[in-house]
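Scroll down for the structure; my scribbles are underneath it.
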């Protein structure tokens, strides 16, 4: 199967459907993949924060990627998430994930001990060298005790296969600095903490998003308006979609997207404890938001 | 003198020129005001963070506002900064500042003890009730141990003369939430931690900015492109100007703007200790940036 | 009047009694001073955090120190608080405060802009050079965006009149490092965030405390047990007093101590807004604690 | 084998000796266990933060506990570390660890998503219910985005087998509050961020410590002085040992203890990347400290 090389557009962060015992619900996942591709998404990103990647054991992660790759069947690129606290573990996961047939990997470093810039650079360069496919860097400073800087990114992209960044800081100035300093060498995907439209406007190539599981068509519509440079129309549309970004920020990621998918008929189950299910009020709020967005 | 009511456009945060003993250099300030109005700025905002407002005693603050009001002579609106840790002090400063002939006040709450949402709401409402002119809310969460939320803002704008917000968090998602929830009721000025163009695009009415002291024409050009909805041209221009935002974030505010103004021939002096002057490397960096922006 | 040189023992942080308009209630303050000296306290520290020092204007601060110095009448040493964001302001306040007849000053640096180690060192050394009396360094990292380190302290005590430190971090390991590295050169006063007994045990010379306004006799009893090295008896006593430290941490400082003094018959008024008065539940809790400690 | 029930004294946090490929060096670990028991330690705690527990896969963790249990051979109690981000994973690890013959488990919750008080309580109660042995609660707020409070602890100890707490916050006031409110129901082990002597004085039953791997005899001597209530002698000894606590705080935990053990002749290898080895200067500093403590 020929690998996709250029990633652009709407890449939903897939939830990982799990039963009460924490086992992967493979059929539900395959259904969700098929549904989203049918809606026109441009790629799929299993095992992100929305996908509870840092909470899953390797066997579950491996099987998750396999199911997504098989269900996608080459129709859209699949970017497999690598979540491991150690460099040797992440290198191993990256290499094994590539063998499963993904088009790229997305590497995140969940943290425990504090790490300095050199340690961050070495970690991500080691992971990049472990694969021949494209690497997307990811961090969410809400969940980690470190963050990328323009300078650490400059050093990491000395590895030629590091092509993309998904930064979830919400700090638009930092993103502007990255874009102005590193230019096209590092392509940006928006996170939901940003206003995706502005990231598109700034040259961002797409949106890697939990909410896109729930509103794939609307996300694609926004992306297409941006591609056509219909900025004012896009802004109005962005504002209309915004409450979902807010809900996603306010409520626990997986809890919010899983609850919404259940409303849409996908039996994806609950997030793993110690995460909580969405509260009854959260559920009501989300239901209203999805209905207003035309998503249920 | 008829008061200006609608504030929009480029409002430089004026530095406060001080001599070695901390005394206001009135002539330099008047010159700077005249220079900036000549360049076309739409308003002036003395005593912000760039203006070292929280560091100055009342006599110096009062005289600063007087000099700016007199030098502006009604040509552009003047928004006086109110910086006081106590509610009764801020109320007093606000009322006295209004008497000095300003067109509006900008209220910030420097913090020592922690404050909760109720305390924040009560403080700003009290300040608003102390004046009949327009109030601009301001916070910089880098410098304070509290931040506005959509909900505290909603409660504060029950005071009818609270019209504007300048939020310096750099969190574009928070700003989008404010815009989508509060709409036109609270008009937004961009801070330099944001990408001003995106704030204009989102409906923001202007940019209150330290760097605009150094690049007034360029800031105005950016604002005008946004007004004409020349978004792509504006984006290229925004990118060109961006290094000054970065320098302003990296170096101490007053140190950076004061050093730049000295390069442009304004003898504004040094920032007050414990702030440091810009380092020789910082100076070299800033000189290069200003030259590239065509500002020296 | 001969100056006291060696400070040791219980030094209550005095509240600043204020009426509804924020004016100093001089008689109440003089009464409180007389009361506390009568109870046996070893010194007095007006204008600390409990005394709302950072919230008061210079005239009120000056008059507060004068009233305390006059009321103390040389019976115990008075350490005047210097609270000013700028170095030149703090230098001025320090020199003026010394002229009011204090035995020492206590210097704190409320923060707005961020400051680095060099700026901290220069600030405190400048303040120390402005006076000939003894200087007590103070910081509360809860209220400031900086903290002392062993190394910055080592540099500051190159000024020979810097004799004491009151650190309110609650980090006992940091204090142990200061004691083991700097030894007797910098004498330690406990803050209420620490367990005072352990600071005494470690060689600390006393306790500068808001709660000591409310429980002077009990605080002195604890200090005396420590002096006599009756460690086990002291520990039991310390445990009995502990709930007041906790209340003091939980509730706003001035609100808690002012409410307690009102219960004891001192008409000290309310803390300045935006601080809140103690809530009815807080009041009930404090009343119970004071009764259990035998303080009402 | 009869289980030990009452844990008290010096419990070194064992490093996990690993070769270049991350494989457990079983012989070195068994040697270290034998050495430390020979020195008189009162218990052993594999898989703490010093033991890189959060970085190891289950097979390595399992084998580590087995080797320690076998080498200890009932001479001292072994408390196995449970490090898992999910509740079901932690429950599984706890139950499996108990089967390996440990005398108790120590549960920590490494964090990614934010968790509230209810989620923390439910997590630790679930883990406690999974075993019949004694549970020690552990948190290090430097490494996690949550912390225990007196109230969450009160709720967790409704599980009758939760007996011990090792809090690494360094906040002595918090510990005093726990001791005064929860009394003997929750016994405290000191962490190295505290001054162990003061925790002993407060009623703490022991010290769970990385440095105790390097200075077992000295740690025991300190503990014995405290038991005999020779407080002043103990304080002098504590001060002498303090530089090792400081080094342990300053340098990465595992890096520091592993480097020291290598100096003492135990071939424990390097910490797992992204952790760094101790720098040459750190090594020199540590060597000096160990020599001064009589530990090499």
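Order of writing sets the labels: A, B, C and D. Residues in every chain begin at 1.
Simple rule for what comes next: a residue touches a chain if its C-beta (ideal position, glycine included) is under 8 Å from a C-beta of that chain, and two chains touch if they have at least 3 such contacts.
Being a predicted model, the structure only gives us computed values, none of them experimental.
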| item | value |
| --- | --- |
| Partner chains that subunit A and subunit B have in common | none |
| Classification of the subunit C:subunit D interface as same or different, half of numbers criterion | same |
| Distance from the mean Cα position of subunit D to that of subunit B, given in whole angstrom | 51 |
| Inter-centroid spacing, subunit D versus subunit A (mean Cα positions, whole Å) | 36 |
| Per-residue overlap in subunit B, given as positions that touch at least 2 other chains | none |
| Chain pairs in mutual contact under the definition given at the outset | A-B, A-D, B-C, C-D |
| Subunit D residues within the subunit A interface of the complex | 21-22, 49, 54-55, 57, 85-89, 109-110, 112-116, 118-120, 122-123, 126, 142-143, 145, 252-254, 272-276 |
| Subunit B-touching residues of subunit A, taken from the complex the two chains share | 170-174, 176-177, 179-180, 193-195, 198, 201-202, 229, 231-232, 235, 238-239, 242-243, 245-246, 249 |
